[in-house]
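Pasting the structures here.
Presented sequentially are two complexes of chain A, the first with chain B as partner and the second with chain C.
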Partner chain A sequence: MQDNLAIALMGFPSQLLPEIILGLAACVLFLGATWKVSRHVWGTVALAALVLAGLAMWSVHHSHTPIENEPKAEFADTIRFSAPVLYTKFGVLFKLIGLITGVLLVLLGWDEGGEEHAGEYHACLLLIAAGIGLTGAANDLITLFLALELISIPTYIVLYLPRITAPAQEAAMKYFLLSVFSSGLLLFGFSYLYGVTGTTNISGILDSLGASQGGIATRAVPTWRGLVLVSLVMIVAGLGFRITAVPFHFYAPDVYQGTTTVSAGMLAFVPKIVGFAALLKLLGFVGDSNGQAMGSQAPILFWIMAAVTMTLGNILALWQTNIKRLLAYSSIAHAGYMLIGLAVAPRMTGTSADAVNGVEAVVFYLAAYGAMTLGSFAVLHVLSQSGKTVENEDDLVGLGKTHPVMALVMVLFLFSLIGMPLTAGFVGKFLLFFDAMSVFSSIPEGNAEAVRQATEQGRLYGLLALIGAVNAAIGAWYYLRLASAMYLREAIMPLPAVKTTPAVFAMVVCAVLTLVLGMFPSTLLSPIREAIRPTIAGQAKIAADGPKVAQR
Partner chain B sequence: MDFFLGTYYPVFMYLVVVIGFAIAAPLTAHLIAPRKVTPVKQMPYESGMDPIGDARMKFDVKFYLIAILFLVFDVELLFLYPWAATNQTTGSLIPSAFKDVVFWEIQAFLLTVVVAYIYAWRKGVFKWR
Partner chain C sequence: MNFFLFAAETNLLQTDITLHHYLLLGAILFVCGIVCMATKRNAIGVLMGVELVLNGATVNFVSFAHFNPTFDIEGQIFALFVIVMAAAEAAIALAIVLNFYNNHFTVDVDAAEELKG
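So, the complex of A and B:
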């Protein structure tokens, strides 16, 4: 036992090799930038560090077994209930997303801001990429909080460094103060969670709250449900700021508008993905538990938040003429769509292994949203590079004639944001809405009361799907307005020609990802399933490999 | 584990003392303090500085830099001192199996502090301009 514990506590540095490499590279960049001023040198070093981290991830993948596949159950439990970070498939998935995001951000930020700040800027981006990976791996409230702050603190610098104007200062200050406030709320929630369960280990907390089905010790704490609820509300509030869920969305439009296009793109995606990753972990959505660790009221909370967030985001986006503000409200609306998945997931535990569970849909939507939103900010950034800042709807007028390729790429991202078929956005929305609809169809046989409750829930979630569909239609209006400005109006003053820069490459990668995820969603869906529901994925695999073995 | 309110009596007693002091101190001052009315004493905020003027004052950024540097060393001390005190003693709080790992963690922490220090140095924080 003692040996296992020592292995659990000491084994983690080797798993975190990619993050350690990124952190060291960030140190090199911070120091090196004080000797040499060059955006190309430091951009290249940052890219090299990300590639090296990718190689490290590959080698870690070969030398470590994910905890779900650990053959010795007792050893796995010891690690699960004591290690501050876990090597899980969920963690690997987020590490990969973090590295890809890091590469895209470094490419996008290549020409951002003054040359004298390039080293520091890229160092902050590396730390953000490391933070995403660490959030996915965290298995302790403290590690999780540190990982979230590892993203927040460089974010403040990234918001401020490239452009020092009054709006940028306001944006950085606003984000800083509200982010610190939300971290405070999160910590407050954590403190209650620790008080109730007596541990900061997330697996231990979920076990204490009776969420996980297996486990070494079930120290259930039934009498403290009220305090758990306080903690649930505080954690959802603290993370709600990061995912820009209503009513914690107020900062988004001002901050996106004030800061540079690349920083806005980063803000639209990175805090969302870590916010959702933390929610999935803390509420026990990962694994075979049902996401009701902190009380059965959680789905209702997410139901309300989802409905309000998407409706408010979409309706307010209708009035915007500044594209960055519009994309900010669109980002709020998309957070609403993703929350549908969290609301639905607990009701879908009984459904078959073939169905895509709500949580899987959320993770898929996050990846799809990352590709399309980073892509649309990338288009704006690329267009802005020849001198004229492209910020308003009127700046895009006539783009279809003056820059046909750029216009086409922008339309691809806009169509994906609407949810047109063949794009990633369509698959994401389809999965989420379909999940909400399918609750109605899974009414169990049984006594009248159970059937009545299930019917009521089915109606409730059907209504949520309806609200989502109506919102998707509202969203189409303002995205198509941008498309119509590009193709149906004549440019009075055409934008200058686009320069070929690293940002163009990032834009192309986003476009390819949007199309590939739209046409071949299973390339991402099956790794997501393995990460979220390892046992069900295993059963499905057995069923596919040898139907005779798995016959029930 | 049962919950005993009795465990927390010292906290409540402390609370009573704190609230009592917060009320008693200004009250006593109000009752027994001598009163000499002078223009300076009539100012809304009596301190060494003249509080009249715009509330937005520019402070030299040097002060902030010094404050940050102070934090670098202060936090360093905060971590190093307890570790150094317990690491070498027998029967310490750190189980012997973890001593190596904790040692390297401290080295990693020191590395970040050193990086921050060199960064500040290179940026010219130590030049008092």
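So, the complex of A and C:
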């Protein structure tokens, strides 16, 4: 036991090699930027650091076994209940997403802002990439909180550095105050969670709350279930700011409009993915538990949030003429679609093993959303680089004639955001809506009361899928309006020719990802499934205590 | 009846301070912080509200860890991390507020009204 504990506590730094490399590289950039002013030098160093981190990740992958595959159960449990970070398949997935996001952001931000800030800017992007990986690996409230802050704090600087105009500073200030406030809420929620369960270890917390099936009860739980609900609300509120869920969405349009296009793209994706990752971890959606760790009220909460978020986001987007504001409301709407998955996931225990469950659909949608939203912001950024800033819908008019390739790429991203087949957005939406519908079709056999309850629930989730489908149709209106402006209207003042910059490369990568995820979704779905599904031992235990869990 | 007499009679002043008192303190700090954020118009004042919220959580952490003999010192450790993080955030806050001042010649958050819609 003691040896295992020592290994658990001593073994984790080597798993974090990619993050350590990124952190060290960020230090080099911060220091080096004081004596050398060159965006090309520091951009190259940042890319090199990301490649090096990728290689480190590959070598770590060969020298460590993910905790799910650990043959010795007792050893795995010791690690799970004591280590601050875990080497899991979920963590590896997020590390990979973090590195890819980092590369895209560095390429997009290559020509961003003044040359004198390039070093610091890229250093912050590297820290953000490291933060995404760390959030995926965190197994302790402390590491999770610090990982989220490792993303927030560089984000403030990224918002603040490139532009010193009044709107940009206003955006930075707004985002800063609200983000710090949301961190405070999250922390307050954590403090009650710690008080009730007596540990900051996330596996331990889930275990104490009676959600985890495969663990050992380590500590006695005081009888303060009420505080768990308070902390659930606080955690959902604190993370709701990051995923721009209504009613915590109001900052997004202002901040996206005020800041630069690249920063807006980053804000649309990075806080969302880490917010969802933290929610999945804290509520026990990953692995051997059922997502109801903090009370059976959680799915209802997510149901309401999903319905309100997507409806409000889509309806308010209809009136926007500023493209960045429009994409901000679109980002809110997409957060609503993703919340469907969280609402559905705990109800999908009865469905077959082949079905894609809600959590898998959410993670897939996050990746797909990242590719398409970063891509559409990249198009705007590339178009803006040649002189005239592209901000309003009217700036895109006639793009189909003047810049046929750019218009085609933009239409690809818009179609993906709508959810047209053959794009990543379609697969994501299909999986989420299909999940919501399948609750209805998987009514268990049994006594009349159980069937009646299940039917009622099925209707409720069918309604959610319907709301989602109506919203997708509303969304199509404003995305198609942009597409029609590009193709059906004549340009009065055509935009200047596009320069070939690193941002063009990032845009192409996003387009390829959108298409590949749309046409071959299983390339991403099978790793996600491996990362989310319970272990075999856990599945057996869930099957054995299934009815008990349902009652709770 | 005079309050002190009442307090002495009912043993109010001699009561031991328990976990509940600290939790109440944490909750009060939290609420004060939120009220401060909502009402202050000065950016530095809003920031002070945020610090109150963070400190409310810190008080909770430390008192939970102190009063429960079965708990380890994770609460205190968390508090230390939060204090350091709050310092880092304050540093960035000052940079942002200073730049805001350079653009608007005030630190009144109501001056931030260019982005609306």
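Operating definition for what follows: the second predicted complex is superposed on the first by the 527 of 552 C-alpha atoms of A that agree within 3 Å, B and C clash if a C-alpha of one lies under 4 Å from a C-alpha of the other, contacts with A are read in each partner's own complex, and residues count from 1 in each chain.
Quick note on the criterion: a residue touches a chain if its C-beta (ideal position, glycine included) is under 8 Å from a C-beta of that chain, and two chains touch if they have at least 3 such contacts.
Here the structure is a predicted model, which is why all the values come from computation and not from measurement.
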| item | value |
| --- | --- |
| Partner chain in contact with A:Trp35 - chain B first, chain C second, else both or neither | first |
| Contacts of A:Cys27 with chain B and chain C, given as first, second, both or neither | first |
| Touched partner set for A:Leu488, first chain B, second chain C, both or neither | neither |
| Partner chain in contact with A:Val180 - chain B first, chain C second, else both or neither | second |
| Touched partner set for A:Met10, first chain B, second chain C, both or neither | first |
| Partner touching more residues of chain A, whether chain B or chain C | C |
| Touching partner for A:Ile153 - first (chain B), second (chain C), both, neither | second |
| Which of chain B and chain C A:Arg325 touches, first, second, both or neither | second |
| Intersection of the chain A residues that touch chain B with those that touch chain C | none |
| Residue numbers on chain A that touch chain C, as the complex places them | 141-142, 145-146, 149, 153, 156-157, 160, 164-167, 169-174, 176-177, 180-181, 183-185, 187-188, 190-192, 194-195, 198-200, 219-220, 222, 253-255, 257-258, 320, 322, 325 |
| Contacting residues of chain B [partner chain A, same complex] | 97-98, 101, 104, 111-112, 115, 118-119, 122-123 |
| Complex contact set, residues of chain C against chain A | 23, 26, 30, 33, 37, 43, 46-47, 50, 53-54, 56-58, 60-61, 64-65, 68, 70-72, 74-75, 77-78, 81-82, 85, 88-89, 92-93, 95-97, 99-100, 102-104, 109, 112, 114-117 |
| Chain A to chain B touching residues, read off their complex | 2, 6, 9-10, 13, 27, 30-31, 34-35 |
